[in-house]
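First the structure, then my questions, so here it is.
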C-alpha cells in the first residue's frame, strides 16, 4: 500500500515515519525542499498508483484549503484526500462539496498525540463516508495506538480510533477534545495555584506527584505536570502566558450555537485570553468606577509601576 | 433627640452632618483629637441622656468589635448600639449575645451611599428587634434619602430603608448588595472592553453615554462610568487593579454555604483577584503543560520581559 | 418632514406615534392590513417625497433582509433606509454594500426602550455615514429621550443617542448593551436567590426595594424587580425559564473573536441556556461518573420522578 | 506490626483487607457488631501493643471528632491517631492541639481510591510530624499503590503517597484533589453534552472511547465515562443530579480566603448546586425582569407544567 503525505513538518514527518514502520510506502511532499521525496504535488500524484490516498498535514485555514483545492484539480475519481490538520469542521463540508462532483473522496481526521505520537500512536477521530474510510483504514490502523486495556485488564474497544460520522465529524470531535483539554489544564492549574498559595503545603510538587497513582484525577496531563514541576518546582522559569489554538474558541462558539451551557470550558478559554493582556480594560473600568464612587483607593499608572519589583 | 457617634472619618463626619441638618443633636467621638466633641467614650456616654443611641462607624473587624465591647461596659439597660460599618453579619450575632444580657439593644445597619450620601441620603438596611429599631427610627429617617418616585411618577415604598430582619440581617443585606455591585461593575467593564476592542466603534465614550437614558441598562453606576470616560476617554491613566473589600468574598462564601449557584458574582470576584496578580500561577501551570506536550511555543520569562514596552 | 415606517407591530406602532407627536408625518406600512396607511411598499414609496427616509422595524434576520432588498429595488439615489430592528451587525455591512452602488444610504439603529419608549423616549445607537445620519437626525431627535441631568444637576451630554461609527456600529453597540443587560439581570437574580435562601432575611422584597435609593446598585432594572416582587413576593407564579434573543450570543461570540475575557456575561448566557433544559446532559455525565467510581448515591430517573411534588 | 482500625464500612473494611494482605495484623472496631474484631474502643486499645497506631475511618464531622476525642482519653503517650476520613483540614489543627499535650501523635490522611483501592492501592496524602509519619509508614506502604512507571518507562517518584506538610496538609491536599476532580468531571460533561447536541456526531460513545488512547485528555475518569456510556449510551437511565461532598465547597472557600481566582472549579461546584434545584430562583428573577420590561414571553407556571412530557 501507498500513502501520499503533503506537509513534512514535525508532526507530518513523524506520522510518515510511523506509517512506514507499518510497512506502508509513503511518498512525502513539502513546500521546502529539505526532506521531501518529490518536488511537486504533480510528482506526488504521479508517484502513487490509484486509487490514491493523500494525507494533507499543513497549517489549517488557507494553507489547507489551497492544498485541497490544488489536489482536487490533480486527483482522479476514486482517490481520497484526508485532511489531518486542525481545520475548522465547517471547512470540511466545503471541501466535500468541492470534491464530491469530481468523484474524489474526502475524510477529515482529527489527530491527537503531538510529539509522543510517533512512539505511542496517534488518536484519530475521522469523518466521511464508510466507503472512503474503508479505503484509508490501513493507514489509520498504522497510525493509531495499539488497543489498550483498562486497569481491570479489559480491552477498551474503540480506544484511539473512531469513525464519528459524516464529513466534519472528525474535526468536530477533535475540537471538542481540545475544549475539554482547556478545562482540564485549567482545573490542574487552579488546584496547583491553591496548593502554592498556602504555607500549610510544604511539598507542592510532591502533592501533585502523589496524585498520579490511585486517585480519581490521575491522567496523562497530570503526569506531564509532574514532569514540569520536577524541572522547575515553583514554575519560576515560565510566564503565565497561554496561547489558544482555535479549537477552544470554536468549541465555545458551537456551544453557543447549540445552547449548550459550557461554564468551565469557557472560563478556561477566557483565562487564556486574560493571560495575554498587559492590562485588563475590564478591570480598568472597574477601577475607574470604584474611583468615581469614592472612598476606594485607585492605583494610578505611575504608582503601580513604582511598586513593581525592580 | 440626641445621637452619639463613634468614628468621625469621612463617612462618619458626613453622616453626623446629615443627622444634625435634620435637627438631631450629635455628640461625636473619634480616637484622633481633631474634630471630636468629647475626648473619651466615657465623656460621650455622659453627654447623652438615656435611653442613648450610639452609632459606631469605625473600621470593621477588631476595631468595631473592641468599640462595641467597650460601649457594652459603659452603657445602661435600654440604650442601643448601632454598628453602621461594613462588619460581617456573623459579628452581629456575637454582639447581640454580648449585649442582650446587659439589657442593651443592638442594631446592625448596612449603609450605602459613599461620598454622595451627605447630599442624597444614605440607603440603610437594618437588622435588630422591632423595639430597638423604633428607638433609632428618627436617626434612620434623618439619614435615609427622601422617598423617591419611579419614572411613572409612583412613589417607591421602602426605597432607601428596610428593617430586613433580626440582628445580622442588615449587614447580610448590605453584603449581598455589594456582591451584586461587583457583578454589575464587571458587566459594564466587559461591555466596555468589547466596545474598545473593535475598530467598528469609533466613539466608545459616546456609546456608553448614550446608554444612560431610555435603555434597559441605565443606572447610577453607568452614570459614573460616563464621568470616568469623560475625564479619561481611553482609561489610560488608570491601571486595571481592583481591591475587594470583604463583602464580595462573604457573599460567595454564603452562596456556597447555602448551595446557591452564583456564577456571575463569583466570576467578578475572581476577576478582581486576578487583577492584582503580577503573574498567574494557574496560567504558569497551563503554559508548563503546553510546553510539556510540545509543539506549543512557551514564552520564557526572559523573552516575555523583553517584549514589554520600555 | 416625512418618515416611511415599515412594520407596525407593538414597537413600530409606538415609534410611529412618538415621531408623529414631534410633528413629523409618518406613512406606515405593515404586511397585515389592520393599522397600515398604505397597502404596499410601492405605495409607501409613492407617498413620500424625496429624499426619503424609510425606517424598517420588522423581525431581524430574513424578514429584515428581504425588506431591505425590496426597498433597495424601489428607492432612489439619495434616499436612506434605517434598520431599527435587532439585526446582527454583520447584516449591516451586507446591506450597505447592496445599497451603496445604487446611491441609497443605509443606517443601522440599535433601539432600546421597549414598551416604555413611547413616553420616555427610545435610546438610539446608530451606525452609518455622517451624511446619512444628518438626513435622519430629525427623526432621531423625535425618538430619543429628552436630555437628562444627573443627580448633581449636570446635563449628561449624549445621553440617549450616539452616532457610534460606520455601518454596523449601531447594532454592535446595541448588541453589547444587551450582553451587559444579561449580566445585570443575572447579578440581581443571584443576589435575590441568596436573600431568599436564608432565614435571616425576613423581608426579601423590602430589602430589594430599599436598594432603589441611595445605593450603588440602583438602576431601572432594579426598579422593575421591585415591581415584580410587589406583584408576586416570592415569584411563585413564574418559572425560571428565560429565552435569549440573539444579542447575548453574538456578544459572547464577538468576545471570543476579539479575545476579550467575558466571564460574567457568558455565565449569564449559559444560565439562560440551562434554564430551558428539562435535564442537563452535562450533569448526567457527572452523575454517571460519580456512579462509576462508586460510593456516591446516584438518583435514578424513577427515584427522582417519585420525589417531585405531585 | 499491628493496626487498630475504627470504622468498618465499605471503605474501612477494604482498607483493613489490603493492610492484612501486607502482613500487618489489623484489629477492627465498628459501632455495629457485624464485622468487628472487638466490641469497644477500650477493647481495641487493649488488643494493641504500644506504640499503637489507630486509624479512624468514620464519617467526617462530629462522628470523627467524637472518635478522636474518645481515643485521646484512652491512648498513651507515643501512640498515633490517623484520621483517614474526609475531614475538613481545620479539624486537624484542633485535633493536634487536643492530643499534643497528651503526647499522642496525630496524622491526617487524605485517601483516594474508592472501591478500586483494595486491588489498585489507595493514594495517600498525609500531614503531621516526621516522627509520627515514620511510625505509620509501614501502614502507608501497605495501602498505597505499587510504584508506577510513566509511558516512557520511567518510575514516577512519589506517585500515590506524599507527606505534604504539618497537620492538616494531608486533608488540604485531598480537598484540592477533589476540587480538581469536580472541574475535570464538568469538563468531560460539557464536552459530552456538545457532542450529543449535534447531529453531525453519529457515534457519541465511540468518540468518547476513542479519546482513551493517545490523546491529551486520556485519564482514569475518561475510562469511567466510556464504561458508563457502554452501559447506557445516551445516559437515559440517569438524572442530571449531582451531590457535592464538602471538599469542593471547601476548595472554593479556601480559594476565596487566599485570593486565588478559581473560575473553572467554582463553575463546576455551582453546576452541581443547580443540578439539585427544582427551579432556579435566580432565573425566576430574570424571567420576572424580562416580563416587566415587556415584549418577552414569560412562561407562567401552569403553561410550563403543561408542556412537560406526560
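Letters A, B, C and D mark the chains in the order given here, with residues in each chain numbered from 1 onward.
As a working rule, a contact is a pair of C-beta atoms (placed from the backbone, for glycine too) under 8 Å apart; a residue touches a chain by one contact, two chains touch by 3 or more.
Keep in mind the model is a prediction, meaning the values are calculated, not measured.
Novice: Note down the smallest number of touching-chain steps it takes to go from chain B to chain D.
Specialist: Each step joins two touching chains, and the minimum needed here is 1.
Novice: Contact counts by the stated rule: is the higher one at A-C or A-D?
Specialist: Looking at A-C and A-D side by side, A-D shows more C-beta contacts.
Novice: So chain A and chain B are the same sequence; what rotation in degrees superposes their CA atoms, nearest 5?
Specialist: 180
Novice: Tell me which chain's centre, taken as the mean of its C-alpha atoms, is farthest from chain A.
Specialist: Of all the other chains, the one whose centre lies farthest from chain A is B.
Novice: Report, in whole Å, the distance between the mean C-alpha point of chain A and the mean C-alpha point of chain B.
Specialist: So the centre of chain A lies 45 Å away from the centre of chain B.
Novice: Using CA atom averages as chain centres, what separation in Å is found between chain A and chain D?
Specialist: Distance between chain centres: 31 Å.
Novice: Report, in whole Å, the distance between the mean C-alpha point of chain A and the mean C-alpha point of chain C.
Specialist: 37
Novice: What are the residues of chain C that contact at least two other chains?
Specialist: As it turns out, chain C has residues touching two or more other chains at 114, 116, 186, 188, 190, 193, 197, 216, 221, 259-263, 267, 270-271, 274, 280, 282, 293.
Novice: Along chain C, where are the residues that touch chain A in the complex?
Specialist: Chain C residues touching chain A: 216, 244, 249, 252-253, 256-257, 259-263, 266-267, 269-271, 273-274, 276-277, 280, 282, 293.
Novice: Provide the residue numbers of chain C that touch chain B in the complex, in ascending order.
Specialist: It comes out as residues 89, 112-114, 116-117, 120-125, 127, 144-145, 147-148, 150-151, 156-166, 168-169, 172-173, 176-181, 183-184, 186-188, 190-191, 193-195, 197-198, 200-203, 206-207, 209-223, 226, 251, 254-255, 258-265, 267-268, 270-271.
Novice: Which residues, counting only chain B, touch chain A once they are in their complex?
Specialist: 10-11, 114-116, 185-186, 188-190, 192-193, 196-197, 221, 224-225, 227-229, 232, 235-243, 245, 263, 267, 271-272, 274-275, 278-301, 304, 308
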